[in-house]
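So the structure is just underneath, and the comments pick up after that.
Chain naming follows the written order as A, B, C, D, E, F, G and H, and within any one chain the residues start at number 1.
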Amino acid sequence: MKNPLVGIVMGSSSDLSIMEEAAGILRRFKVPYEMTVTSAHRSPERTREYAHSAQRRGLQVIIAGAGGAAHLAGFIAAETMIPIIGVPIDSTPLKGVDALLATVQMPAGVPVATMAVGRAGARNAGILAVQILSLSRPELREKLLEYREEMARQVEETGKKLNKKQPS
Amino acid sequence: MKNPLVGIVMGSSSDLSIMEEAAGILRRFKVPYEMTVTSAHRSPERTREYAHSAQRRGLQVIIAGAGGAAHLAGFIAAETMIPIIGVPIDSTPLKGVDALLATVQMPAGVPVATMAVGRAGARNAGILAVQILSLSRPELREKLLEYREEMARQVEETGKKLNKKQPS
Amino acid sequence: MKNPLVGIVMGSSSDLSIMEEAAGILRRFKVPYEMTVTSAHRSPERTREYAHSAQRRGLQVIIAGAGGAAHLAGFIAAETMIPIIGVPIDSTPLKGVDALLATVQMPAGVPVATMAVGRAGARNAGILAVQILSLSRPELREKLLEYREEMARQVEETGKKLNKKQPS
Amino acid sequence: MKNPLVGIVMGSSSDLSIMEEAAGILRRFKVPYEMTVTSAHRSPERTREYAHSAQRRGLQVIIAGAGGAAHLAGFIAAETMIPIIGVPIDSTPLKGVDALLATVQMPAGVPVATMAVGRAGARNAGILAVQILSLSRPELREKLLEYREEMARQVEETGKKLNKKQPS
Amino acid sequence: MKNPLVGIVMGSSSDLSIMEEAAGILRRFKVPYEMTVTSAHRSPERTREYAHSAQRRGLQVIIAGAGGAAHLAGFIAAETMIPIIGVPIDSTPLKGVDALLATVQMPAGVPVATMAVGRAGARNAGILAVQILSLSRPELREKLLEYREEMARQVEETGKKLNKKQPS
Amino acid sequence: MKNPLVGIVMGSSSDLSIMEEAAGILRRFKVPYEMTVTSAHRSPERTREYAHSAQRRGLQVIIAGAGGAAHLAGFIAAETMIPIIGVPIDSTPLKGVDALLATVQMPAGVPVATMAVGRAGARNAGILAVQILSLSRPELREKLLEYREEMARQVEETGKKLNKKQPS
Amino acid sequence: MKNPLVGIVMGSSSDLSIMEEAAGILRRFKVPYEMTVTSAHRSPERTREYAHSAQRRGLQVIIAGAGGAAHLAGFIAAETMIPIIGVPIDSTPLKGVDALLATVQMPAGVPVATMAVGRAGARNAGILAVQILSLSRPELREKLLEYREEMARQVEETGKKLNKKQPS
Amino acid sequence: MKNPLVGIVMGSSSDLSIMEEAAGILRRFKVPYEMTVTSAHRSPERTREYAHSAQRRGLQVIIAGAGGAAHLAGFIAAETMIPIIGVPIDSTPLKGVDALLATVQMPAGVPVATMAVGRAGARNAGILAVQILSLSRPELREKLLEYREEMARQVEETGKKLNKKQPS
């Protein structure tokens, strides 16, 4: 995509099926994005360059997903001033508690906007990115409202169907 | 303050000393804000009105701090499309683990940008709000860089002092 | 069913197989109920209307099941004065610990009667609803005693069978 | 009090300052109650007699508070069919997590309506008891609404005071 | 078996495959035992009778396995003075943490000798029972030593085999 | 004391105030005991000698208290066949969860009878030791019954006093 | 292998597939090693002999993997002064939290260099052993740099491939 | 000190009283060290320079202590090939669980030798550093044995004193 506004990074290609949720949202909202793999620990130089060049390349938000001692989001947050959204991924025997705490418990001065562990968190990372972009892009605000309304409509339909199926 | 851009809400006045950290950051960055108390459970009507009127009143970001089954941030996030930042507060015997999970584990569709438990989280909520606002306010971006640099400078000074105090 | 006394709501249709346990109990005790889907976050308006109309429509108890940052029970509890029973559901990598804490750790003033995580909790929600209704419906009290006695009898039979199978 | 409708029991006299919160609510709502100490483990006979005689003596709800391997509420729930409300108390180094799990994770068939750990949970136990009683006592329903409204009013006042104190 | 010295009880027949580990040990050591199902919550009367008659019937130790809010071992411990061994069973979404805490965190005055969660714990319950019985039965002490030595021998053999398989 | 039947060991002298609870029980029941400090990690040789000589010196039960990665009870259990009772002690920032898991989660083959974390656990270790000894010492059985009855009596008295203090 | 520099031990042969990760690293770096099974609890004598003879036999580092109340690494650390690396293994219902805490929470005086739970931890144990050996073996330092660079290269390639696959 | 062999770094000067434990050990063993403050998040550039220059400046081991989402040790481990020892510090409401998981759960390829949370962990970091250095410095090996023996002697003395104080 040309001129991506959002960068999606993940610590390992095994995180891709989770992080695709974020990409799916951005495609739906027609927000240009880029997606790549880079690791805070195994390729710190690449990660730093990614973070340093982000603003210059026009990125407005970065979404970073990682598991275990998930430092990716915090590492990037320390190297750029654009908002960083962190997605903890359940990829160790500890079921994502490690990734959650390593992502959210950032020290004063360097925030990471942390999402839920796993798939729901990745999708919400996409939505939060759109919300942030929508502050200066009214057309996104409109679409967000539609998205929210459709979500409510779907819940309502499911609810009504369930209602009817019940024994009387 | 006139024309606040950021709303800070908390579930109880006992959360004030924590949430003041967010306010302090906003004052430092000269970002107009408002601050009030409202509860998802004890005053849901007031909370809903707060959320519904937020966008109309010009708020760009809302910071919500709460403890226990901390639903305040998620409640507001369900009622408005502007970005919501959640600060879990350690106010029960469970030490904030309850507030953290109740804030961060949002279902797909309704994100809350969750910060660390307690004081550091509140301060970071202020900084994240400034980062979000800075996307369309270049002067804030400048100040954020200065803030970050000063932070690094302070660490360096502390480090050097410590270095000198050591026995040789 | 006509004139339901108990409302069963859940945050997502994927919770249905769990929440059916509650419905099964109510059918067994011939307590009329209704069952639907509504979400605190994805359809807050629908949820609020559900809660507000509950008492007027004759509901005496509401059972609410949800996973993750499970706010459904607490949300409804904040909008009505009838007793709310919460069932935490294991639907995230955190295995229901998130749903349990988000349901049970309610602030002073707004109780949610919280059950065990998952299937056992859903069945117990049905039983607690019957117990509450039985306070003014002596015929339910009778049936509850029979249910309890049958349960004890079943345990006894299982125990005796096991006893006999043992090598001597 | 004559003809108590609610029984408050606790596993140890050291739980009294917590459980007083439940009693305070009942006094406020003019619901007659009794309060005593009995332990599932140290005085099981006394506890069983308490549970067995409860219904006969006219109790409609029992509130049971205990810490550690908190079996008191579950023990009583196994011996009577009236609704049992459990209050986990933080009285061991494990900060009430033990009491919470031992109270809430009841097997299918024997529910305990579990409240938050500690003081907030005890107060909510009182309110839930009133909510249950109110189903057949309209005057309590009225008072519950007033209580809820006063709570909302207090939040609003606190919020407005905070609003005014802010620097402009 | 005639004149059982050890009683094995479990809260549900679904715990049988786990508790068989304890029985297997007792058969190996030729310690007569009995095994049955009884529940602290679903058949409290049966459980109490079991506990009360234990000593009279000659039982020297009781092994009790249960999951969730696992009160079975503590319930029996409160009703008899013979040593009670508790086996927490992983049978809820919380993976046995609930059963472990509900079994081990007994209040001062009423001990339960708690084993590891699950299969290893059940086997160890059998061994601990034999150890306790061996204090007045020297022939068991002999067999325990042989068992321990065989265990060490097996580890050694496994270790040596592994050693040889390694590439050189 | 001459001819101790119970050995109390602890990993550090800072555990003494906790472990005194076990000693107090043994004195009350007039069971001769010995008490010393030895560490699985800092004095393994001493600990092994203690374990190896235990049976020869006439010890029937060993109570071992330790904090952190609490290996003391398991270490001794691996070196002797007499029953070992483990008391997890809350002496690190992790509040005894570490000591509990390191004590209770023993592998199949080597049981440790684990008590609650801290003071209550230490007292119960003393009582369990008396229960084990009582199997071949009828006079202890008698005293245990008295102890249990006095405990129940105390609960009853406390309960009655509380009853009377209530407003009528 | 002749003259092994690193010893890999594990508590059970079921840990082998995990611990093979450590061996694979050592083979890759051509560091001679030995691998065997020994248990702190089931074969303490063998474990002690292993630890005591380690230094004499030329071992420079020992890697110890175990699950549950994982005492193996700490047991060996108490018996020798060479560096011990501990690998917690997820082999109980508690998912390795028990093994992690039992390995890492060592008391002051006896360190265990603890790795992540499971496979990643075992591989890292191998790498840390090489890092330690490399301090006096410059050729290993060279190879470590190559390993690190290859790792970074692989991340980069994966990242670039992912980049290209994206829809434009 | 001239030519330090060990570097001690910490994320904040508030960690100094904990990290002094490591320094105290190094002084005792006459191992030259340096100590400074640097943060993975607030001064990443300084931290990277520290890591990059470490080997060139002759450091053989780095000890890194941090709290919260403790990335300091992992950050440095990603930038140098010398062994890194991590000390999790209890400095948030989550009591060091966050720091422990963020330090220990490193991905395959980049190990951090993790110590216990807090003071004991910091002291052990010093000892592990000496153990690593001792592999090529026989005089340190000698001192380590003395240290270990003195530790055992102290435990023995404490144990004997306690023995004597007991009532007979």
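Simple rule for what comes next: a residue touches a chain if its C-beta (ideal position, glycine included) is under 8 Å from a C-beta of that chain, and two chains touch if they have at least 3 such contacts.
This one's a predicted model, so the numbers in the text were calculated from it and none came from an experiment.
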item: Other chains in touch with both chain D and chain G; value: E, F
item: Chains contacting each of chain B and chain E, listed by label; value: C, D
item: C-D or A-C - the one linked by more C-beta pairs in contact; value: C-D
item: Euclidean distance of C-alpha centroids - chain C vs chain G, Å; value: 48
item: Inter-centroid spacing, chain C versus chain B (mean Cα positions, whole Å); value: 35
item: Centre-to-centre distance between chain F and chain C (centres being mean Cα positions), rounded to whole Å; value: 41
item: Set of chain B residues in contact with two or more other chains; value: 39, 42, 68-69, 92, 94-95, 97, 104-107, 109-110, 116-117, 120, 151
item: Every chain pair meeting the contact rule; value: A-B, A-C, A-G, A-H, B-C, B-D, B-H, C-D, C-E, D-E, D-F, E-F, E-G, F-G, F-H, G-H
item: Interfacial residue positions of chain G with respect to chain H in the complex; value: 21, 60, 81-83, 85, 100, 104-111, 113-117, 119-120, 123-125, 127-128, 131-136, 141, 144-145, 148, 151
item: Parts of chain H lying in touch with chain A, wherever the complex brings them together; value: 11-12, 39-42, 44, 67-69, 71, 74-75, 77-79, 92, 94, 97-99, 101-107, 109-110
item: For the chain C and chain A complex, residues of the former touching the latter; value: 1-2, 13, 16, 23, 27, 34-39, 42-43, 45-46, 68-69, 92-95
item: Chain G residues within the chain A interface of the complex; value: 90, 95-97, 116-118, 120, 151-152, 154-156, 158-160, 162-163, 166-168
